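One structure coming up, written as structure tokens, with questions to follow.
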């Protein structure tokens, strides 16, 4: 029974930074707050350099230099893991509470080990007394439910195709049934058919209760729209828009999300030759972030007051939020007039 | 260009390597201008003179004498004649003689000599004392004669008419000469080798020659390897097959054996340093060719090469502008390795006696060869081989350091 | 019947085979096509379909095993380096990864000057050359004064691709072949690049050939679409016809596998 009101992951004002070799601080994740309820999936959209992959690493609580935790809270199913010692995180959080599949995870499979050996490794690290036979039975059952043939267990990763590798990595990473799964661009390097299989598997994981909540990170918006319930848009390390998938794609409020949604290309009738939105300029250099709104220098609707002070995120109820000094009505009026 | 030079000198590693190399080069160039002696001139009659300052005794007698009254002069004199080994030997003899141990103090020179003078009897034989040991004690006794003397020595010249010795002067123990007033003083910082030649002069000259050999061998080997590698890698097809066939042949035959055969067949008379360098160069290009070829093969399908083709550039232009800069770092590394292996190959040949002619110029390898043959390492004559090893190490080290420091030149993306 | 007067690039029985014996690989298998002047064509296929090999054959970068290519209605002859150079005055390319497309030792000025030289502008006075380069840069919304003496890798991915388009502006070829030009670019910059290529086409009447795996992009931008699978053209025709009314199963599967916004994405057919 999925309890929709049970918050699986709550993040409050999380800030993490990179320290460059010259000693400069780069705030890649800047006061990010989000909430994911049981049975729901959250999508994080953004372009290269916006901080979404850093956010994925930060949410795991597993920090490696040069990435450092600065402030904020991460609460998984009521348990606060922020500021925890990395060794404790490795032992009690990773894989059991929260699992992460980083970009190109499928290339991280050890080529000298069979898949079943990798699974044995993972399970025995948390449960030393379980026997190999039990592990095999568990793995076989799990793979079959997820639509992967049991033969894969006896193969080496180099014998598998790209799509199969990615699905295997996902299956192995959730073998201990973590509460939350974070997937960072799980299907970007795959062809469309394999992509579909990966997405179906992720949905099956949720359906079968192997994971309770999911965070999906990608730059491909049509994918997010079809996979996730809610969408967050990130820009320059900050969240600039929050809402349900429908709201974010069809009724974006922040000028950046508006531009992003306006650049979507899909093979649907009537969409040939429409005017695509283009956002001029490049994202700001996070070593020297601008004083006011981070998007101001690229924004079509910029006003002098945008450059003065940093802008806070505005909550307008029902989980809807955006980061702009203008009100909803002002923004909609501006969009309608072109 | 100026910007590139500035970049180059910013790297700490490059600067250190460059300094060491330049220092070596400067010494090699400047030293012969100051010390004009030929390197292979035998100056020492005898083998392996130790490093030090050699003062002509005959001239020091004739030079003005100065009286210096120094406290520890007498003690130093005795200590040099009576080393620790000798003291222990004396103690051993005295114990065997029957003097109780607690009465013998080897540190107290005066008392020890006193006991010795009173008790030593060359005719006495103790159990277990070998004949050689007895002779040793006799020699020791003789050398101790007059050790405590405070009298001076007389200098006498033989009278041409009478045949008798006429005393011309006395040298007392407090007489000193000023070295700068002695006309013949020779500093031998590294002593002499087994033939009696000044090791330092030899070493510096040998460094110069070995560097030349290494450089020539390195240039030849790298040029051959680079050209063959580029052609085989970029053109491919039958050109590649032919070149690889030749390379494989050279791989299968051990390079050193080839070197020996070539060296031998050239014959002693024609075997100068330059010839050896060329021979080494022509037999050691294999690795470079292979390495360059594999790099080029991976580069030739890159987008920027395709784009260059589409811009209408000729094959030569593409190889020089689009492929060569990308493998430059690799090639320089190969060049440096070829230089050091060239020097070592020559050393190997020289140790076998197949190196350059031994009568004109020394090389580092030859010096090692001589040291080995004349057993310098067994005899403990470190100055005959150790400086050579250090020099070879410094040359290779400085060049490798320069190469690692050149990263920023070879990869513009790393420049700031 | 192909309109030979208007035919820009056409091919019949075009084949490319790599290796021989057991390791034989037929990358392109007897394809026929006819691209008209000024048309925008997309060749859509998944990885391993042979589309990049076909592109390289069209560009003349790799040799043809079998079949014939006709350029401007006449049989193409690129047997010598001189003839190849002549051919490349009329056909140019933009590649996928902007970071790999440039020789990292060449400054931006050198890159643009190369294009001027290819069109015979070596003897022009320096001021005229700078004027041409500035014009090309402003066409792609870049400022030449800011770019001069810099290296391409100092720019962002989107800017580097735009610089590629500036090159094409200077070269003014009859055909531009773009191999996945926007797959490594952010969505927000993608539109700009596509817009610039369209503008160039509209001003010069250039034929655009897109090689892509993104069927949405193919539908959005092209007049004709060719679907490629395992070295063969499975289906071809106008964009509307192929994408909205596909006749072959492969095409249908390809379209249904792409996530859409206004239509349902059916995951049950996996």
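As written, the chain order gives the labels A, B and C, with residue 1 at the start of each chain.
By definition in this document, a contact is a pair of C-beta atoms (placed from the backbone, for glycine too) under 8 Å apart; a residue touches a chain by one contact, two chains touch by 3 or more.
All values reported here derive from a predicted model rather than from experimental measurement.
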Most distant chain from subunit A by Cα centroid: B
Chain pair with the most C-beta contacts: A-C
Separation of subunit A from subunit B, taking each centre as the mean of its C-alpha atoms, in whole Å: 64
Centre distance in Å when subunit A and subunit C are each reduced to the mean of their C-alpha atoms: 33
Complex contact set, residues of subunit A against subunit C: 47-48, 147, 191-193, 195-197, 199-200, 203, 219-223, 225-227, 249, 259-260, 263-269, 271-274, 276-280, 282
In the complex, subunit C residues that touch subunit B: 56, 59, 61, 81, 85, 88-89, 92-93, 95-97, 100-106, 114-115, 118, 151, 153
Residues of subunit C that touch subunit A when the two form their complex: 46-47, 141, 156-159, 186-192, 194-195, 213-220, 239-240, 243-244, 253-255, 257-263, 265, 267, 270
Contact footprint of subunit C on subunit B as seen in their complex: 302-304, 306-312, 314-315, 321-322, 325, 411-413
